[in-house]
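See the structures that follow.
In the two complexes that follow, chain A is the common piece, with chain B as its partner first and chain C second.
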Partner chain A sequence: MDNQQFRVCPDTGLKFFRSAEALMKANAVAAVVFLLVGGIYGLGVGLTRWPAVHLLQADQFYLALTAHGINVLLFWCIFFEIAVLYFCSSVLLGCRLAAPKVAWAGFALMLIGALMNNYVVLQGNASVMFTSYAPMEAPPLFYLSLILFAVGALFGCFVFFGTLVIAKNEKTYEGSVPLVTFGAITAAIIAVFTIVSGAIILIPTLAWSVGLISHIDSLMYRLVWWAFGHSSQQINIAAQIAVWYAIASIVFGAKPMSEKVSRMAFLLYILFLQLASAHHLLVDPGVSSEFKMFNTSYAMYLAVMASMIHGLTVPGSIEAAQRAHGFNSGFFEWLRKAPWGNPTFSGMFISLIGFGFLGGITGVVMGAEQINIIVHNTLYVPGHFHATVVLGTTLAFMAFTYWLVPILFRRELIMKGLASWQPYLFGLGMSGVALFMMGAGTLGVPRRHYDISFSGTGGIVHEFPAAANTLMALNGLSVLLAVIGGASFCIIIVGSLLFGKKLGENEKCSVSMITAPPAEEAYEGIGKGPITVPGTLVLAMIFFVSFAVYYFINWKYLAETWGIG
Partner chain B sequence: MSEQDEDQIPMMQKLLDNPFILLFLGVATPSLLYLIWGIMEIVSIPLAK
Partner chain C sequence: MTSLSPPANKLWWNEPIEKTELLWISLVFVWGLVMTFMMPFWHITGDQNLSTETYRTTPEAFLAKAQKMVDKYTVRKDGPRQTPVVKPPAGSDVYLVARLWDWWPSLELQKGQSYRFHLSSMDWQHGFSLQPANINIQVLPDYEHVVQFTPNKTGEYSVICNEYCGIGHHLMIGKIYVVD
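Up next is the complex of A and B:
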């Protein structure tokens, strides 16, 4: 292999295949641009839901809601994930990228699809929201844009799998692939199922919108669409957890507590995570209770267990590494003395806590058929997925980007002071968004509605408790904080790419970009007695108690909804 | 890695080391348990007369 095709990073020793490097840059830049666009629409949505502000008119609100959902849930996340797939294959395995021309074709299709979608939605007659439920009809270009984007992403997945084959054939690694790459394999597998499901439903819907098919069954649409719509968020979860493991290794030199256990948890994702799509159908009359309960309350719990395993092993591996580095006193010295001013770490840790406590626990509540009914189709649902996809995935990707700017783009970060605060601003704002929307949802405030007073609906009157208005106002304030955090991220990253100090190919960054793993013997005798990670166990116990208490509170709500006797 | 070494690799590790078997399982399992099962239930709903 021609060595000119590779660059060796002076900070990390990682080998960058130049074609892969250019593709990662293109995908990462596109991701941040669509995050910015989607975030601006999100501000409009949040300020409209704030009753005292109520910024947009109804038609503008639904346009903004559509554009916000698609830009951030699909375009930001999947562009970034394609960059992660190329990083986890070509860079981590130290090999060339399979078929760079196919990868560029995939990128072009994704970009054309994303731009076309924004164009169609901005025209104003495709405000069908992210779910685009048939028989609500959008122009054909809307469906075509999503199909083009999905096909492009599928190209990216094929290139990823091809790269794995190249690495194995050229023996660029020994034994099993690294755990982070295994997490990326999990994300890519879920992506293939997701994209195929999208094709199964979006191609006939496109045919229906141009008049080739007379009818799309709405129940069938919902069933198949959710295999695409919900699973696309499961790609995010798998990629986000791969990023957690990567950051633990980068910042602390941490090694997984048990490779076998972590890989088994990823296998549970591969087999069962996509089945959670069924919780969107829990009140649909056309599918049986057996279908609903197997796919949510049984199979989904195996995926939940996998998330809890990752939620234990990631902080556990950090604790063990910190203790091996000498922070071995008490239960939490390892956590107190963690680099909280480093946005790569703080972003990742806030992502982990927010995803587990806010996103994970509420996801289980929504997945239980009985208590789902309290919050089904209320604002609780967007509250939940802002905790998973935004607080969890987006913050993890932001944290990773701070590390990627000097390593991949060879630029120093600008505004490092603001960068060290950014994860806290965004994390606090988004925690508020998630909590206050879930609170309003518990009081019955519906999702996908621009005015909770139902004005202009021809006499429909419903008085929500006064607390609902307060919660919506607090949600609006939290949106502002989150937008300040999100805008800070975009300014820092775009500013760094344009104006950050250029690093020469062999020039090291001014700060250390990777921590050497502790020596094996440093792990001996860490922790308290036989327990090597007591702090993580305490955190896990707090999580379990919170989980149980919140779960049973919801059963109490249900009991109050339908009193007995 | 010699052939003898490969024989000693546990079955589960062989599975986890093969992304294409995992890809098959990851597509087949939800296709069967979610898509096909769900579609069969919907198409078996009797038509209104």
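Up next is the complex of A and C:
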């Protein structure tokens, strides 16, 4: 093969194909830019919901909330995921990228869609939130922009699959694909399902907004929209977990505890996660209880099981590797001696804990058919998903980016001191945002609401418990902390790309970028007796007990309200 | 070998599973069964199970039914919007209209009595959010959702909207009074 086509990374030994490299860079940079844009809107939204500050006007608030949701949830996450897909195929399998031209076309479509969407929303008459629930209507360009973006992402998925085929045919690897690639395949398969659902709902909606269709049924819209909206979150989860495994291998040389279990768990996502979308319709009219229960339990708990398996095996693989590296004493030496100053590790670990304890538990609890009654559309919901998609996905992607910048862009990171603090700042701020919003939601405070003091109603007011205002103020402070953390990330990354010390093609980074795996023999006899990863087991048990206690507390809350039949 | 490289053992599916993993998977599986069981269990023993009784309707038809109820049972007018306060008989059908941007009419209910609430929207989607009882139900146009409520405490309750419904969303508020 032509040597001009790829370079071998001096730090990691990975093969980078030129065709994939430029695309990964473009997608990652676009991702960070949209995170920045969305983060600024998030600041505006957060400061408005702080009762004492109440920054924006109502129309600006709803505009900012729409723009915030779309820029971060769609554009940041999906641009980054496309970069992850190319990494997991071309780089990990050491293979050229299939059809780079198609990939560039996909990138262009996504970029046009994203820019167009921001333009339309900024015009002010498309403040319909990212859910754009019919029959509330946005201008046609709003739906068109999302369709363009989705089609672009679909191109990216096809390039990914094509690359897998090329790698297989050209025998660039032996045996099965790596676990991380397997996770990426999971994400890409779910992405295709997601985008098809998106097309099924957005194309008729576009036709309706230009007058070709006279009526869109609101319930049908919600059903199909959430087949799209829910599974899009599974792309995030699958990608984020692939990144966890990747970071565990990069930082510790970890290997999966057992390939079978981890791969089965990914497979469960594909089989069951999309079905769970009815947990968005638990208090909708016209949806039967049987369907709701089937859809949340049969479908959801098996997918939940998958996440809980990864939640064990990711730290478990780290623990085993650390013990094999010699940190074998006690329950937690492996964790204490972990590189807490390395943002790639700390970001990943905070992502893991935050996702599990704050995001995972609360998601399952409010997904119980009846409990949803005391949660639906309160601030509890955004509280929950800032723990999943921000603390979980976003922080995992940030952690990965710290590693990618030197490897992919051949630049040293700037402001390494700030970088080592950044995951803590962002993690703490975002945990606050998640917890305080959930707290306020438990007191009934609505989501997407400009003014919970009801000052504009001419005197018809509702007084929330005093604690609600306190929680909203604490949320405001956490928003500030999270924004400082988020801004630090953007500054460090963009700054490093522009001003970081350039590394020659064969020049090594100043710090070690990958840890060699421990020898196979070193794994023998680690842990305590038959349990190789006792520390992880303890953490898992703490998690389990928290989960069970919190679950039943919520049934108790529910039992205290009015009779509902 | 790491998670970044192909499995060292090509026949990885024959490898034994770690004990810790097996233990955890069993525990999590049983927990899933417990959670699955809780929902039907609550349907049988719990007092909070959202009915799924739903009818197709139109804004005009629904408003007409609400108007009839208002004409018959209004006891006073309330607040700056002079909203009628309706006191329907215990056990009766109660129509609550969601529209841009209010809940209409206000209601007076008796503690411990059950009422068949009919919820529907005249326009966009809304979110029935009864505070501080914290009961939240999606309200859609063209669907009439019938839900039975049994207030268990007296006092002044607010119905706020928690589904974003445009620029007046935060102005949308109604009242329910529960008396002995």
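The rule is simple: the second predicted complex is superposed on the first by the 557 of 565 C-alpha atoms of A that agree within 3 Å, B and C clash if a C-alpha of one lies under 4 Å from a C-alpha of the other, contacts with A are read in each partner's own complex, and residues count from 1 in each chain.
The criterion applied here is as follows: a residue touches a chain if its C-beta (ideal position, glycine included) is under 8 Å from a C-beta of that chain, and two chains touch if they have at least 3 such contacts.
Keep in mind that this is a model prediction, so the values were computed, not measured.
In the superposition on chain A, A:370 contacts chain C only, with no contact to chain B. Applying the stated contact rule after C-alpha superposition, one finds that A:287 touches each of chain B and chain C. By the touch criterion defined above, A:196 lies against chain B but remains apart from chain C after alignment on the C-alpha atoms of chain A.
After superposition on the shared chain, chain A has more residues touched by C, the comparison being chain B against chain C. With both structures placed on the common chain, the touch criterion links A:352 to neither chain B nor chain C.
Of the two partner chains placed by the overlay, only chain B lies in contact with A:295; chain C stays clear of it.
Using the contact criterion defined above for the overlaid structures, shared-chain residue A:267 touches chain B, although it does not reach chain C.
After overlaying the two complexes on the shared chain, residue contacts for A:457 are found with chain C alone; chain B is out of touch. In the superposition on chain A, no contact is made by A:95 with either chain B or chain C. Judged by the touch definition given at the top, the superposed model places A:335 against neither chain B nor chain C.
Comparing which residues of chain A touch chain B with which touch chain C, the overlap comprises 174, 176-177, 217, 219, 281, 286-288. If you check the complex, the residues on chain C that touch chain A are 1-7, 9-10, 12-13, 15-21, 23-25, 27-29, 31-33, 35-36, 38-40, 42-43, 46-52, 54, 79-81, 114, 119, 123-125, 127, 129-145, 147-152, 158, 160-167, 169-171, 173-175.
Contact residues of chain B toward chain A in the complex are 1, 13, 16-17, 19-20, 22-23, 25-27, 29-31, 33-35, 37-39, 41-42, 45. Within the complex formed with chain C, the residues of chain A that make contact are 58-59, 62, 92, 127, 129, 133, 135-136, 173-180, 217-219, 222, 245-246, 248-250, 253-262, 281-289, 293, 296-298, 301-302, 304-305, 308-309, 312-313, 316-317, 364, 368-370, 373-378, 442-444, 446-452, 454, 456-462, 464-465, 517, 530-533, 536-537, 540, 544, 547-548, 551, 555, 558-559, 561-565.
Residues 161, 164, 174, 176-177, 182, 185-186, 188-190, 192-193, 196-197, 200, 217, 219-220, 223-224, 227, 231, 263, 267, 270-272, 274-275, 277-278, 281, 286-288, 291, 294-295, 299 of chain A are the ones touching chain B in the complex.
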